[in-house]
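A, B and C are the chain letters, set down in written order, and residue numbers restart from 1 in every chain.
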């Protein structure tokens, strides 16, 4: 019989990384020999047996596609159980699902990546992709905002990006914090301060809803047109394949027609 | 009816109310439904008779958020319901103009409503204006509850399980109940997940027990949960069993006194202590 | 194609008993004054209602609670998919609007990209024996939705009640097998075609509905709605579900369970943010989903005009009437051309 798509296949946790106080990353390898070929922006449904499943962006794929990484912020029922999982534990995986960032269409352009908190997770594959095909793209600018220094993710990557001459990285925290000498201010304000010009650039924004909203407003103020601003939307999900009904913005399903949209593809109330 | 319309016109004219919650007979279908009346609008369709079963108190929180002064037509039982909401500080009395109407009983499906049998008052305990007569009624008898109490535990379980099995978990009962207003209902809670979401006997039983207990000493017996249930599950039996217990223990019937806190949220030295036997020291 | 065949009403039980030897036969029963579908048993009184019944066919193809996998609770991972049921089955007595509902479910569950194989096997094992309506009930408005009460479209076998007999006709190859029963006698005449009155709830076009998103009318339309879930559970085309794990005595099941966009919990995310917090936003979602989103997605609006939502609503709110009222407002707006009005933006 054909497989039931809603039933996940087993995967093993190969590695657990404590990214910040409430975010952990998991490197997963499917039990079967199937490989996960996730394009930047796609997500998977991850299950803990007995506790249901939840949606996570694939935040990195190994070169040969044999394993992939998700980053999980502790929120509720399932994410709490995931945070208890250790190396060697089994979880369930479905996917990858959803559309992806049109990285091929962006060739030759300068790219601005704007991430807030866990919102950096779905954006990291874009950065990885650009770094792997560096000559295909123009300048890369990354703005990453976290609430406090303790909420900063991917410290190792940030170190590498910091030292990469082809990348301009701005890390910022929301409010002053003892011992923090870097930039302070919420992301939308940083965007305004940097006076990012649209020129031949593409901006990708992901983070909490409120951060997306105000960052978009800031970009529009700086005369960015909607077709150059991309975001990945978030809404409650269950099936991930356009059947359970709930993740809709109008007639579009975020899980199936998204999660990646340029602003001209979605109505204003979606933000 | 004339007196009521006159009063309401007066209230509108004086600017005492922005809207009035009442009952309207749809001229096309003849059905009586809850309706929000605005100044000079549809007042001629307003009715009050034995078809006005619905408890309108449930709509007040949404309306007071939108209007500063809301009038409401109240039967005796609805008035009790309003009183429970006032003691729980859910609604600010200053925003409400309570129009008590002497109620002669209502009919559900052509028959006298069950709830009217044990009704302690024909007039709302909270009123700003009273229309019609007030008849104080007898003490409750809870005869149906007593029948259940006579059953053996096994019989009782069989009796209720047959109903619980049928529950669709549509939550009409919760949605119509003025006292079920939690921001996140225990049935929807994800962490911890107290009640499984699927409609099956074990989860449905949990839902019904928790629902009834959360309303103990708060439910004013408006009977709406049972009336709207598409599966005709006798929720009043459970509510009344708890109401009876509260009445026996504390001598209180919820909603009869708009000043009195629900007995299960106050601890008094006078409370009977049935666990330790005696009174609290 | 094939001819109409006569079945004497007195032969109905024998006819069904014979079918039951090979198929699982589902027929309507009346229990406590309410209709429901159950497996045919000769000693139970059954009958075919003239028109829709309050429960929809949805449950027979996409059950309210549907296990999709099983596992042992004390293991880290032992999840195994359930086996699909493939016993041949006849569902007898559904009406044209039921068939339209099933066709809509097909669009959701059987698209080439993501196919629900459990649903597919329920469909494959079932022969649809539909009954042509002889009357339109109070809440029926299928004629407003482009359906015809006595159309056999989509059925494998169609039948109609006439005087003291039934007329049957095989419509598809699968249906023909049923037609081979010795109790059916070929006759020439087809049941009389009726001219049906238009319903009372004509509605605007999907595109016009889409323009109503920001209108302030949603508050008015949701004024007394309880936002309970029963109208969507009863609706033959509402297929929203949630996925969850349930345990009992060491055995676990992953299940899909019907859910409803009318309930607060439907869109509430971890952390409490809810994209459809107000009743108005939920009523809007259901209305637009039925009359516009569905059409934009699948080329078919998802209201079949069966009227079940009105039958089951505790407040007897008429959803069709609501759609009609909205359509009226659309026309008014067009007429006044101003097209603005106060905008509400509440979610």
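The rule is short, and it goes like this: a residue touches a chain if its C-beta (ideal position, glycine included) is under 8 Å from a C-beta of that chain, and two chains touch if they have at least 3 such contacts.
Please read these numbers as outputs of a predicted model, since none were measured by experiment.
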Inter-chain pair with the most contacting C-beta pairs: A-C
Most centrally placed chain - per-chain CA mean versus overall CA mean: C
For chain A paired with chain C, centre-to-centre distance based on mean C-alpha positions, whole Å: 38
Separation of chain B from chain C, taking each centre as the mean of its C-alpha atoms, in whole Å: 34
Intercentroid distance (Cα basis), chain B paired with chain A, Å: 48
Touching two or more other chains - residues of chain A: 76-77
Residues of chain B engaged with two or more neighbouring chains: 190
Per-residue overlap in chain C, given as positions that touch at least 2 other chains: 242, 244, 259, 268, 270
Residue numbers on chain C that touch chain B, as the complex places them: 64-65, 219, 223-224, 226-230, 233, 242, 244, 246, 248, 255, 257, 259-260, 263-265, 268, 270, 272, 279, 312, 314-316
Contacting residues of chain C [partner chain A, same complex]: 68-69, 71, 73, 75-79, 81-84, 108-109, 113-118, 121, 210, 213-214, 239-245, 247, 252, 254, 256, 259, 261, 266-271, 273, 275, 285, 288-289, 292-294, 296-297, 345, 347
Chain A to chain C touching residues, read off their complex: 1-8, 10, 47, 49-54, 75-77, 79, 89-92, 209, 234-236, 238-239, 241-246, 248, 250-251, 256, 267, 269
Chain B residues touching chain C - in the complex, by the definition given at the top: 31, 33-36, 54, 59, 62, 66, 168-172, 174-176, 184-185, 188, 190, 196-200, 202-203, 227-230
Residues of chain A touching chain B in the complex: 76-77, 80
